[in-house]
Amino acid sequence: MLMVTQFYWMVRKDLVSEYRARQVWPAMLMLGTLVSFLFSAQLDGVVEGRSRIVGMLVWLAIYFAGILAMHRTFAMEQEDDCWDALRLYPVTASWIYLAKFTVNFLTLATLQVVVLGLFVVFSNVPLLDHPLRMLTVALLGNVGLTSVGTLLGGVWTENRQGSTMLAFLTLPLAAPVLLAASEATRLVIDQEGGPLWWRWLSFLVVFSIVFVTAGIVLFELLIED
Amino acid sequence: MSLFVITYVVFWLAVALYVIRLGSQQRRLQDRLLALQSQLQMPER
Amino acid sequence: MQRSDLKIVSARWLTWLVTGLLVAALGMAMRVAPMEQSMGQVQRILYIHVSVAWLGLMGFAVMGVCAMLYLLHRNMAWNRWSQAANEVGWLCSSLTLFTGSIWAHAAWGTWWTWDPRLTTSLLLWALYSSCLILRGSIQESHRSARITSSLALLGLIDLPLVIMATRWFRGIHPTSPEMEPVMHFTLLLNVIGFTLFFSLLFLRRLRQLQTDNLLRKLELEALVNHPYPPLSAAGG
Amino acid sequence: MMTGNDAIRMTGLCKAFHDIPVLRHVHLRVAVGESIAVMGENGAGKTTLLRCLAGIVRWDRGQLWLHGKPVTRSGMSSRDGSRDGASHAESCRDIGMISHACQLYPNLSLCENLLFAARMTGLPHPRKQAHAWLERIGLAGQAQWLPRRLSHGMRRRVSIARGLIHQPSILFMDEPFSGLDRQSRQWLADLLARLQRQQKSICFTTHDPRNADQCADRVLALQNGVLREIATDPNSAHEASHPLIAPRLIA
């Protein structure tokens, strides 16, 4: 029971801080908007294979804007040495990971709403014709990206200039999620809900399970000094 | 034919570069070892 | 892990053995193995390509396992193992991409295609590179080891997923083409020869890292025992 | 002095950073209700020692017992089998660590910062406790302020309240006196004295021998990674010819 309340207050503290200071979300959403805008502008005139391109671009926009935010959630703890205090509370590293994961998940979800909306407007692609399918893909892709991003973000806490490094270190790790999510998104746009779609979905599920489990088990090992 | 030869040449060139790097590293280590030995023999007080 | 275990590395006979094996393997690959019908001489790239591709994967496994051991025991010796594997593995991985690309040009008329194996090996190379860059970019040794090991370990977890994901794109990479027995033997000899050769490089590098560490310690001790300017005067 | 169980017992603790030994075979015993001061130059390893004691930093060799219970190499660690999640939580609940930085979240108000600490340690009635502590440190009127509006001295008080809110029996403080004016120092000294009367064991670092004398039963010096006792009797500390203390008194 204590664990659950601790988890709740850790998440709440991060969200309240972000709501007051607005250090991460505006920058992240702005970056997502600009990237979506630029990507969509380049799409103008492309007739063939639009769905494939859009599928990838959506996830790239989400990835690049999102990874910056993930680094910030940990950098924030570093500011007044709060990270040490947090680790001294009677709470296991797994719960710290889960709390950070939840915060990052919510952050990325906001970004996804904005980016997906912008792509619908700018690129004129029927992304939301199957809202339920799109929602599933978005959720699973989010969990996959967030699990990797949170793990590496935690490893990088002490590093001030870590955000740029984090973006390119995470990319090879997150590549399978990006591939799978893009393919699944393409299939949603093309309205193909066949076995291929289910296969990519199941892949996303497997990836999420593997990395969330890895986070819960390994986080303690990775953050320790 | 030429493509195949080029591949082999570049391949071994890359490997040779790594081996050369190992060699220079080894020399540097030996220099440090010598410096350390001389320092231990003649400590300036 | 101990220095005495690595005595074998400096053994002359081993070096000669590996050299002989390599020369034999290369001779087989270049001269003895018959020329392939459709691709001609270029097919001979296959022998080195398969060898380094296998070693690239192996190196990553070694790196990942050593990284795990470092994280569990926090013993810098394991980090040195993982670093040596990282360097040699990166070399093999780069060579895989290079030889593979030339093969692709000859066989399929394109330098690169988004085939599952190609994508996998590119991501493998990217992971190797990130680890290598990371090793150099952090000064404090234990922190550097911790962060690099984390990445290597996560990479090891990631790799099966990468292979799984890319497999579902339809591929053109040959998996086990039919070959003449001589070709098979040549390939086998090459794989063994290169494995031994790169293992030797790996062990030499490992020993170098160990020596470097030992020297660092001795230098520090010498500094403490024989400080040229008295430390208290300098420090205030 | 050694009545009952030791609150802290540490034997042969070694810790190296970057292959440079910071702590070499440090031995330390602190009795229940005892207060010790650790002195040393900048970079002598005082902070590292405290962080090891609190279990934030993993040490290389040595053993540590808090209230007779062995603590594994790292406070976060549970894989050695000797500590499971529950006992980890227990021992954390028993430790208060006040670091050199104030460890306050810049975007939470003072009250929220204390509430967070109270809730993370699982205290009953967190709101009542937080307000009681704000009252005690004289900042009840500023409960809704953000930490950045306060002076350093006031922030320090809040950070002390944060570390003490769960009533730990062992308290580690890293340079609690630095940057405080005379009044705040006196307040802190009184607080420490009162905590000691409540049988809390206190271990703090400081640069100023006067603070060490005033608040500690024993003064220890950390030099070249070795911990040595320099004055058991606080009154004789002024005559101590220890190199760490003597030059400061002359100057």
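A, B, C and D are the chain letters, set down in written order, and residue numbers restart from 1 in every chain.
The rule we apply is simple: a residue touches a chain if its C-beta (ideal position, glycine included) is under 8 Å from a C-beta of that chain, and two chains touch if they have at least 3 such contacts.
The model shown is predicted, which means the values in this text are computed figures rather than measured ones.
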Maximum inter-chain contact count - chain pair: A-D
Euclidean distance of C-alpha centroids - subunit A vs subunit B, Å: 44
Averaged-CA centre spacing for the pair subunit C and subunit A, given as whole angstrom: 32
Distance from the mean Cα position of subunit D to that of subunit A, given in whole angstrom: 38
Length of the line joining the C-alpha centres of subunit B and subunit D, rounded to whole Å: 50
Shared-contact residues (touching 2 or more other chains) in subunit D: 58
Residues of subunit B whose C-beta touches two or more other chains: none
In subunit C, residues with contacts to at least two other chains: 72, 142
Chain-chain contacts as defined at top: A-C, A-D, B-C, C-D
Residues on subunit D engaged by subunit C in the complex (per definition of touch): 17-20, 41, 58, 79
In the complex, subunit C residues that touch subunit D: 72, 74, 140-142, 213, 216-217, 220, 235
Subunit B partner contacts - residues on subunit C that touch it in the complex: 30, 40-42, 44-45, 48, 87-88, 91, 94-95, 98-99, 102, 105-106, 201, 204-205, 208, 211-212, 215, 218-219, 222, 225-226, 228
Footprint of subunit A on subunit C - complex, ascending: 71-72, 123, 126-127, 130, 134, 137-138, 142-143, 146-147, 150-151, 153-155, 157-158, 161-162, 164-166, 168
Touch list for subunit A against partner subunit C, complex: 148, 151-152, 155-156, 158-159, 165, 168-169, 171-173, 175-176, 179-180, 199-200, 203, 206-207, 210-211, 214, 218, 221-222, 224-225
